[in-house]
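Common to both upcoming complexes is subunit A, partnered first by subunit B, then by subunit C.
And then the complex of A and B:
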């Protein structure tokens, strides 16, 4: 076995929460507002359904093939060669997604806070930090995630400071044009929720598998509540002005002002948000490295981690020259690519596995 | 291609090699081969002007174009 570490179910839940929420809070409010208008908070509720489904599929697959990740059991479920090809597709997907996450992070930091710093430096410094965390295995990723997620969830309390500025009337009329606009708005956030399938890479290292299901559910539920609360706050604060903003959550935190001296909250928020992004990048980076080591049947994960970092940086920039291209990639392509790889293909694997499991016992 | 990028990438690859190679003495040949192959792929790819080249993201955008028309995000 490549990985010798063990993590608890709670640590896994704490890892998955920022993996979904940290980048979703940047783009999801403005994107959902574009299609769902003042029903944007229903969109995240609907989108979370994909999160529950993906998590359930990963859990059921793990029960059929215990102590194996998706890269390992795909060669057992479908013919060996096809399984290897599917494994390569998964590796490519996670490598490319890590690149996209790093790029999203670097774009945001350089756009909002550090316009003079070369973007490649912002991207590679975060990646280098994650690389060292990943090199030390699943335990170091899980423990850093545990500490950082507690700090990361803290800013939601700051949102309470906005209560005097909210206009509850912005929520009306609810479902003016039926459920269809909310469904269209849910297409983009559900690709974030589909990332809960990544628990497939961590379930084999759990010390108690039943706790894994419980904490997985808690994690999806917490992500749903957080994103819905944030969307609702943004709606009540800005109304229909949201669609013109690229980072509405940042604008909301800039809005906070206590007295005449306590302002510019967004600097603290950014520092906290980077912690969440570090967890997200290390979870993705770990999945890609572990997947590659298992796909090649290596003895250790360490040799592939740092070289993969170079490939991740390459994927972060390959044919994505500007911020507009990144946004288009995430909303126009990843919104379908993510659920295809993390919900639909695993669902097919699960149904094939069920059929194959049934056959020998009945005959 | 710019010389700055070329030299920068060479320095990073040399640093990774110097850091990792002494630590993987006991590992089998396959692990060493994977390490060197990945570094070489990374090095070769950085020789191109990737940012303005068609790549995996372009391929995926073409594949998912029929779906993205549903939302018309551009």
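And then the complex of A and C:
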């Protein structure tokens, strides 16, 4: 075993929550509003279904092949060479996604807060920090995630301060054009929810697998509630203008004001938000590193961490040259690419594995 | 030896990491920033706009704090203006006249000049929504005459005129509209918007011209993104009732049967429901108002402890509210035909299908909408005096 650490189910749940929510809160409200208009909160509810499915698939695969990640068991489920190729695809996918996440993060920070700072410093400082965490294995990633997620979830409470400014009427008319717009709006957020398949990389290190399932469900549920709450708050605050905003969540937090003096505190909230992003990047980064080490049959994860980090930075620059491209990638490409890799292919693996289990090979 | 090298290496790495904490490129010192407290946009004689910024002078605050403070009227701000094709262009030109970097984060007030607003505001609103610094919570105004004049004032009670305008907005005498609200209104179904209208109270004789004070004189009405007219403060009260924004009111009326004198009540608790209905193909809005408050002045000889007389007083107040609403409807709905009452949104929400059919000819439908009012006023308490004060008891009308 490459990884000797053990984590608890709760730690895994705490890791997965910001992995989905931290970047989703930036992009999801405006993208879903574009298609679903004022039904955008239904979209996130529908999208969470994919989260439950992906998590279920990862869990069932784990039951069939305990102590193995997707990179390892794909070799056992389908022929060895094909399994290796699939493993490579997964590695590429996670490498590429990590690059995109870093890019989203860096774009947002330089757009809203540090316009002069070269983006490479924003991206590489976060990645370097994650690299340290990843090098020390799953336990350090999980423990930092545990602490940071608690802090990260805190600003959602601040949204309550917006209640006096909300217009409940904005929610009407519900489903003016039927459920179709909500479904179309759900296409983008479901790609975020498909990321719950990543528990496949962490289930083998759980000390108690049953808690893993429980906390996995809690995590999907919490992500669903958070995204729906945020979508709803933003809808009630800004009405139809949401889709025209680059980062509606930033605008919403900027709008918070208590009394006449307690205002302008979005900078603190965004500093907290960086913690969530750190967790997200380390979870992705760890999955990619562990996967590569397993794919190459290495004994240790450490030699691959830093080289992968450099590749991730390059991916962040190669794949997405501008904010418009990031949005296009997330709404056009990733909406299909993410679920394909994390829901559909694993579902195929699972069905093949089931069939092979039912009919033990006659040899 | 190896051990030592390791320690040195670690210290070097730590120092290296420390470098990342300072964020060197975007370092901004507070004394390198020109804090904008208010901005005014006027029409330029040529094609572009004239932007004026009221900039806070921290030094003035520091030198005053030692001695007598309460006075006000000392200049804490300076005003700089420049012409340009648009705001961004004008800001860059103002920047050449300021040694510090313009910072919008504290700008709480935007004043649009009347002339400029007539020309259309969309292009400049884009800057305010796109630039990361201006706040959505900033208050918007339209000024009678040139907007820059409101920035040049030194109101005696507040530290600078922006502060005064902000407080005026928060008192909610007229409309209170933030940048967010304004942008939403402009882009909404009704394609109309309203902003509070500022005017300047001229200074007393013998005072500096800058000692006038801005006050809210009514409401500016926008259709599409252009100013088409304004309504008085009286009419604005009707608009506030119609849009459920009424908070504090003072209503003075003469009851119909009273021989002389006025009564005044302060309704301070309102329950307003505005229900759009389509009855037999006719579009209606049912406005139900329930309001209650205290009697604050009674100039008639009526005894408010008598329930019949009390109800007569209430009826008089109801009529007064109804008059205001009708005044507002008459001007805004029938004359200006601008949907600042938000009827379009209401119908869209309650009757999405029917709304979809008239969406494109809303301009024709809107003036034909009937507004039915149902007003209930309760005078809950007579104040500290039960009978009319300072008239002989036998002249008090008790029933």
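Here is the rule we go by: the second predicted complex is superposed on the first by the 359 of 363 C-alpha atoms of A that agree within 3 Å, B and C clash if a C-alpha of one lies under 4 Å from a C-alpha of the other, contacts with A are read in each partner's own complex, and residues count from 1 in each chain.
In this text, a residue touches a chain if its C-beta (ideal position, glycine included) is under 8 Å from a C-beta of that chain, and two chains touch if they have at least 3 such contacts.
Predicted model only: the values in this text are computed from it and were never measured.
Placing subunit B and subunit C on a common subunit A by superposition gives a fit, with no clash between them.
In the superposed model, A:213 makes contact with neither subunit B nor subunit C.
Once the two structures are superposed, subunit B and subunit C can be ranked by residues of subunit A touched, with B on top.
When both complexes are overlaid on chain A, the residue A:62 reaches neither subunit B nor subunit C.
In the superposition on chain A, contact of A:331 is made with subunit B only, not with subunit C.
Within the superposed three-chain model, A:321 lies in touch with subunit B and out of touch with subunit C [touch as defined at top].
In the superposition on chain A, A:300 makes contact with subunit B only, not with subunit C. In the superposition on chain A, no contact is made by A:280 with either subunit B or subunit C.
Once the two complexes are overlaid on the shared chain, A:311 sits against subunit B while remaining clear of subunit C. Of the two partner chains placed by the overlay, only subunit C lies in contact with A:111; subunit B stays clear of it. For the pair subunit B and subunit C, the model built by superposing on chain A gives 9 Å as the shortest CA-CA distance.
Overlap of the subunit B and subunit C contact sets on subunit A: empty, with no shared residue.
Across the complex, subunit A is touched by residues 9, 12-13, 16, 19-20, 23-24, 27-28, 30-32, 34-35, 38-39, 41-43, 45-46, 50-58, 60-61, 64, 67-68, 70-71, 73-74 of subunit B. By the touch criterion stated above, subunit C contacts subunit A in their complex at residues 17, 20, 23-26, 105-106, 129, 132, 135-137, 170, 180, 183-184, 187-188, 345-346, 348-350, 352. Within the complex, the subunit A residues that touch subunit B are 35, 92, 96, 184, 187-188, 292, 296-300, 302-304, 306-308, 310-311, 314-315, 317-321, 325, 328-329, 331-333, 335-337.
On the subunit A side of its complex with subunit C, the touching residues are 111-118, 121, 125, 128, 169, 172-173, 176, 237-241, 244, 251, 254-255, 257, 260, 263-264.
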